[in-house]
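First subunit A sits with subunit B, and in the next complex the same chain sits with subunit C.
On to the complex of A and B.
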């Protein structure tokens, strides 16, 4: 059913919070996602011409790097991981003619049922974030599942029940949780850091939030010059100690 | 956006087919068509052949065409699904129109009612096709007030061209159909010029800064996630031959609208009507295919912002 039900206040909204301040652009999230999902419920994620001159393939994460100027963060490089935002108003779902695309009422995850997808690609046209990619081999659309086959997977240790991209991030720039609960760790993080939606003007109400980069400040303490007071051996010794300790 | 052959054929051929069906309904109700028993079913078959060819072409771009029947299920939310349902439903009054014409005669009330119903359903199908594009928020070249009326006007225009040809071949009086086609050619031209003026002057939907959540900052791409093509760039970042757009627009103005309009006018005044009508249809079809190609190729998608394109 591709009609959207009205979300009730306090409903679970699982999503990601991505910290643009600490993301180092290492692509570990993308690789880990590819690895897990290639063998997971929506696998395989095919590659085409992977050893040829024009490698191409299906990825649920794409990591861009931008140069920014002005704004609150000043001039700096911003690494920007791009993936499905599990929107509250996902037009990719409502345009689907078959019901293959759907948004789960229980946790807000947007999924594709590959068994009934006809591969018309309209959902990818309806997504302003470029989150959906087409599997040329199977002829169906695929997308980020928020690792639905990990986060509820009782065969995994509880600590590992988070999306593969979150588990892989070496700088802890990715956080997973319930953004519908105002007291959850991710909601508090968004509040503390002024997390934002991407392109709110389009009205998709994305669930995922991005934490803006902070202005880089290199801490430099006041410089105290070694001084010498008095004459004689003890003053020389103190001056020497002062100089050594001031290094 | 990438202009795939299947959607170009779908949108133009169904325009011709359902446009002709609409005019057959209207002219049938006003007794403007030849009354012979063979004319109606033949002309309706002609219209349905165009529409069916377009609908079949549209299944060619599907990844899994064998599952196409599933597309009838989500008409509550999806314009693509509504298009499919409307297209299939149109066959019912259209076939009834042909049957009543054959059995009850061209002037029978049943024939006229079925004809008008078939025409209305055909136009509703065209409207659903237009809404598929008009409802897509990330594409400002489609998501505007021009798309729906333009598709309807172009369908009525191409249908009038076909009606003129059908009447010329069927030995009917083509004057009113030819004048109609000529006038609709000019209306279509005005609509297209207004559309181009709108898309050339409208503001972009979003900026790269907004797309990456850094309002107030300026951003420019430094490193791309990948250095070859991917699905998003192939589908939404289409740029091949857009540099010829200005020349192609001139071709559209002349070939799709002005020339067929003049040829139709000549046909209306009895200058080799069959030849003029045939050339007008062929020119109009070629021109409308170029027009539709531009409609896709010049449309930009906001997702391309992430790769440094404009939206």
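On to the complex of A and C.
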């Protein structure tokens, strides 16, 4: 079993804020993630049966679409990207028999040390969010690293030091930042939009937040049926075009 | 990942900027290479199209660039056509075969070359090749894609939806989207929706299916397919009833006040009354007399009837609009059932449009001067933006539906104003924007006098013979499709087969999967491609396929010219073609080779230039017959279509500082490379809106060579051009439709938008085929090149037919059950899935997932071929024959747009156990596996 270092108040908690109001379910984040990590520190992310009858492979981020009923927005389709939530109390870490799974004290990112991972898959059983992916070629568990090899990468321009999924997202529905800092842009966004954590009842205290769908309205009544004149045109139309026009 | 990983590892050792080609969006990309191999592709943050973001396809580009389905070497057919058996040949031999064949055709009858290009982004070159070759039988894939939107827009407002216009994402307060799913302009729309929703604006999506963009709409309007036009006309009805129109906008920027001759039966009935100078007339209520409609300071009448100098009557165009759409037939209560909507919702949406347009205008403190010379201190906009795409386009009533949307935009003053829909540069253009289609005459050098795709203004511009029937192979620009601006690619194979050897010798296809997902009725297309005459010769004598991938169509080629993939070649995304400009100004871009081909392939544009040189086509060779361009990049730099206007608008002139117009610059491509593969020009703030009537903008656009005249572009609320075709059908003039099409021409060539039930649906037996069937593109894929990608196919390796839960219940169907889906054209067998966010009498599926077994370097038992399916099999490019045996095309009768979404179907559960989708076809061998090296 692996113990967690205790986070202290105000500790950095890097994570993602995902806006379900604008996620169109396009899979851009998922493929960008696969591309970055395939050639990055976690790579390769293997594909199995890539031209065959059962194409499959490793993805740190997968997209689901659901139809929902009820709620403030009524019946709607919700697109839901799913990846590691970098929990504050990650059971995937505490169940790890070798210490391969660990949570970084400095920023809260949950990682796997492949050198000592024995591929027992206990962590994937422990994770209720389905965030872990087993690499059958290497026999080790892999997962979202929050692009730890991008966000601190000094060879990248400052503006590019963000997770690949955030950089790629075409509707800019993904935000990255420190959710431990109540004044950070992501924390303020969560506050303003009523961001939620997934399955809080399980007690794993996910860091990532999801912003719920909204419904904009234009407050107005229907256009009123005006009194008809003998010409067939409405009075309001006649009065409008009878106005002095100038061109 | 090890514990002590280096988190500051350089991404690669080399960076190159180019333009994506995983779909038609043309995003800027930053490509990282490591040891000469692709490491990572990301969006270019400075690029005007995608501003750093990149879609799933774009990121998967590295797997397409190395895909085993790439063609490797020129191929010559060695077995029966359609069996996919080839020998590999050298390029010299391949080019000699093409040159000999085409030279002979050109000497005898250039029209016997039918050159059809698919999702080609170099139509400015391919079209020019066809023009110089002298064949009118050229088209790109727009005829089965977007021509309804292009034609309706270009003939109404001098610009168009699709990727040629965009909502004012920063200012719109209400956004109505009609029939838009993932398509061209994919990243700009996603970026825009993010901005729009972030600002709290309301987004209404009118679409039978609630996926993708519709999923994040604030209101989803699940309309019955093909009835969008009725909905729009009902909205117009409500706004007219309530007097909620922008009369100032109408008289300043449209022909609403132009007087339309009211003399039924005469040859100029319905045309604009003009003075002796040809200027349209209006009635000035101030002077109480007729005046040129463009005169400054007049107070033009919009309603009433006025007497012309010759004693005849005329009415302002707006009066005709008002008469038509105030008719109770267009009341929400009259159309609601047909649309599958509630009349109250239609009235409420009309109310929201009126509220936002007239009570919440956007006012920018930006002085500007209009075309009449009037200075305005502010820019006042109606922040109701609209956008429409395939769901409108792919019906046979799409032209008029799209025009109805433009009429609605004009009536509320929401064309290129703050908060409304805006033109993307180089639009707006004059109405119509170019010359008539070439085909009637050739110059002495054999070239057509005009490009084969053009813009008819009257019946004399049609390409028809003395019998009134089509001259072009595909029937574009005939009375079956007078405004067939993009050609009718979906007719190419069927008509080449029907016409026989006398009319077509060689069918030359570039980047078009015409025997599969780009064909209506692929089984029939395949049959026609392999059919023989009684003498044993193939009925379509010779087929050349140029493509980068081993698609289904490759097997039907006699000669295969393997193309390079997008990261291996030069390209220009040109203002002469389909540029990447935005409302903020013109822009264009290039592709540059990032990796070297590891196969014996050549980029098609270079091959075409080589061919043009060998054939000594005009303007491709000098006076001595020597090729003018040694390569495609050489052409990009040195070709001039008009003096100073070349394929690339940026970095022109000897010093590279001119743009738009300017001398050729030998360093132009280097300048593009330095500028990360694109060029853009930011318009000054006073030119950003009202471009159709903005003096500074129009003069600037003329100076850049975007338009030839800086005159105001008067928007056509009323289409006089279309009325000219109707007059011909009524018996006027020397060019009249054949009798079989006279009534239809009169009906469909209406100068104001009309709604009619889609043609196939109207002729359909609704009891036999009660359901609409649609397709849409999945966001992570585009065409079959995308869905074979080894990452993308993990996301969606097989498609399903989606049904509304109520429909499924009626048939006792559950998820994954197998069904037969039958139309008048046949039956397919597939699996279903249930959903609620769908118009109840509509079924739909993902486009182009289904593959033919053995193609695209996929295993024979890949899910794409075993359970994936195409809806195409039950759609025909022909309507049932009339009494005389004529088969009209299954197209919009105005534009020839392929009516993909008109198909009507019925569904039946499969009784027998089923495991594979139907139809299935013989497995094709991989083209290179069967290829044996040709003996020297």
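Methods note: the second predicted complex is superposed on the first by the 214 of 247 C-alpha atoms of A that agree within 3 Å, B and C clash if a C-alpha of one lies under 4 Å from a C-alpha of the other, contacts with A are read in each partner's own complex, and residues count from 1 in each chain.
Heads up, the rule we're going with is that contacts are C-beta pairs under 8 Å (C-beta built on N, C-alpha and C of every residue); 3 or more make two chains touch, one makes a residue touch a chain.
Owing to the predicted nature of the structure, the values given are computational and were not obtained by experimental measurement.
Visitor: Per the contact definition in the header, classify A:65: touching subunit B only (first), subunit C only (second), both, or neither.
Guide: Both subunit B and subunit C are touched by A:65.
Visitor: Taking the superposition on A as described, I'd like to know which of subunit B and subunit C A:199 touches: first, second, both or neither.
Guide: Touch partner of A:199: subunit B, not subunit C.
Visitor: Once chain A of both complexes is superposed, is A:149 in touch with subunit B (first), subunit C (second), both, or neither?
Guide: second
Visitor: If you stack the two complexes on chain A, which partner ends up touching A:177: first (subunit B), second (subunit C), both, or neither?
Guide: neither
Visitor: Between subunit B and subunit C, whom does A:80 touch in the aligned arrangement: first, second, both, or neither?
Guide: A:80: touches subunit B, not subunit C.
Visitor: Counting only touches as set out at the top, which of subunit B and subunit C does A:126 meet: first, second, both, neither?
Guide: Only subunit B; A:126 stays clear of subunit C.
Visitor: Quick one: is A:212 in contact with subunit B, with subunit C, with both, or with neither? Answer first, second, both or neither.
Guide: First partner only, subunit B.
Visitor: Considering only touches as defined above, state whether A:108 meets subunit B (first), subunit C (second), both or neither.
Guide: In the superposition, A:108 contacts neither subunit B nor subunit C.
Visitor: May I ask you to name which of subunit B and subunit C touches more residues of subunit A?
Guide: Greater contact footprint in residues on subunit A: C.
Visitor: Just checking: does A:97 make contact with subunit B only, subunit C only, both, or neither of them? Give me first, second, both or neither.
Guide: first
Visitor: Intersection of subunit A residues contacting subunit B with those contacting subunit C?
Guide: 25, 27, 30, 54-57, 59, 65, 67, 69, 77-78, 116, 213
Visitor: Within the complex, which stretch of subunit C touches subunit A?
Guide: Within the complex, subunit C touches subunit A at residues 1-3, 5-11, 34, 39-43, 45, 50, 52-60, 62, 68, 173-174, 182, 186-187, 190-191, 193-195, 197-198, 200-203, 210-216, 218, 220, 238-245, 247-248, 251-252, 257, 285-286, 296-303, 318, 322-323, 326, 344, 347-348, 350-352, 354-356, 372, 779-780, 790-795, 797, 835-837, 857-859, 861-863, 866.
Visitor: What residues of subunit A sit close enough to touch subunit C in their complex?
Guide: Where subunit A meets subunit C, its residues are 21-28, 30-32, 34-36, 39-42, 47, 50-57, 59, 65, 67, 69, 75-79, 102, 111-116, 142, 145, 148-149, 152-156, 159-160, 164, 167-173, 213-226, 232-247.
Visitor: Under the definition above, what is the set of subunit B residues touching subunit A in their complex?
Guide: Residue list for subunit B touching subunit A: 1, 61-65, 67-68, 70-74, 76-81, 84, 132, 135-139, 205-206, 208-226, 228-232, 235-236, 301-304, 306.
Visitor: Quick check: in the complex, which residue numbers of subunit A touch subunit B?
Guide: 1-4, 20, 25, 27, 30, 54-59, 62-73, 77-78, 80, 82, 91, 93-100, 116-122, 124-130, 133-136, 138-141, 196-204, 210, 212-213
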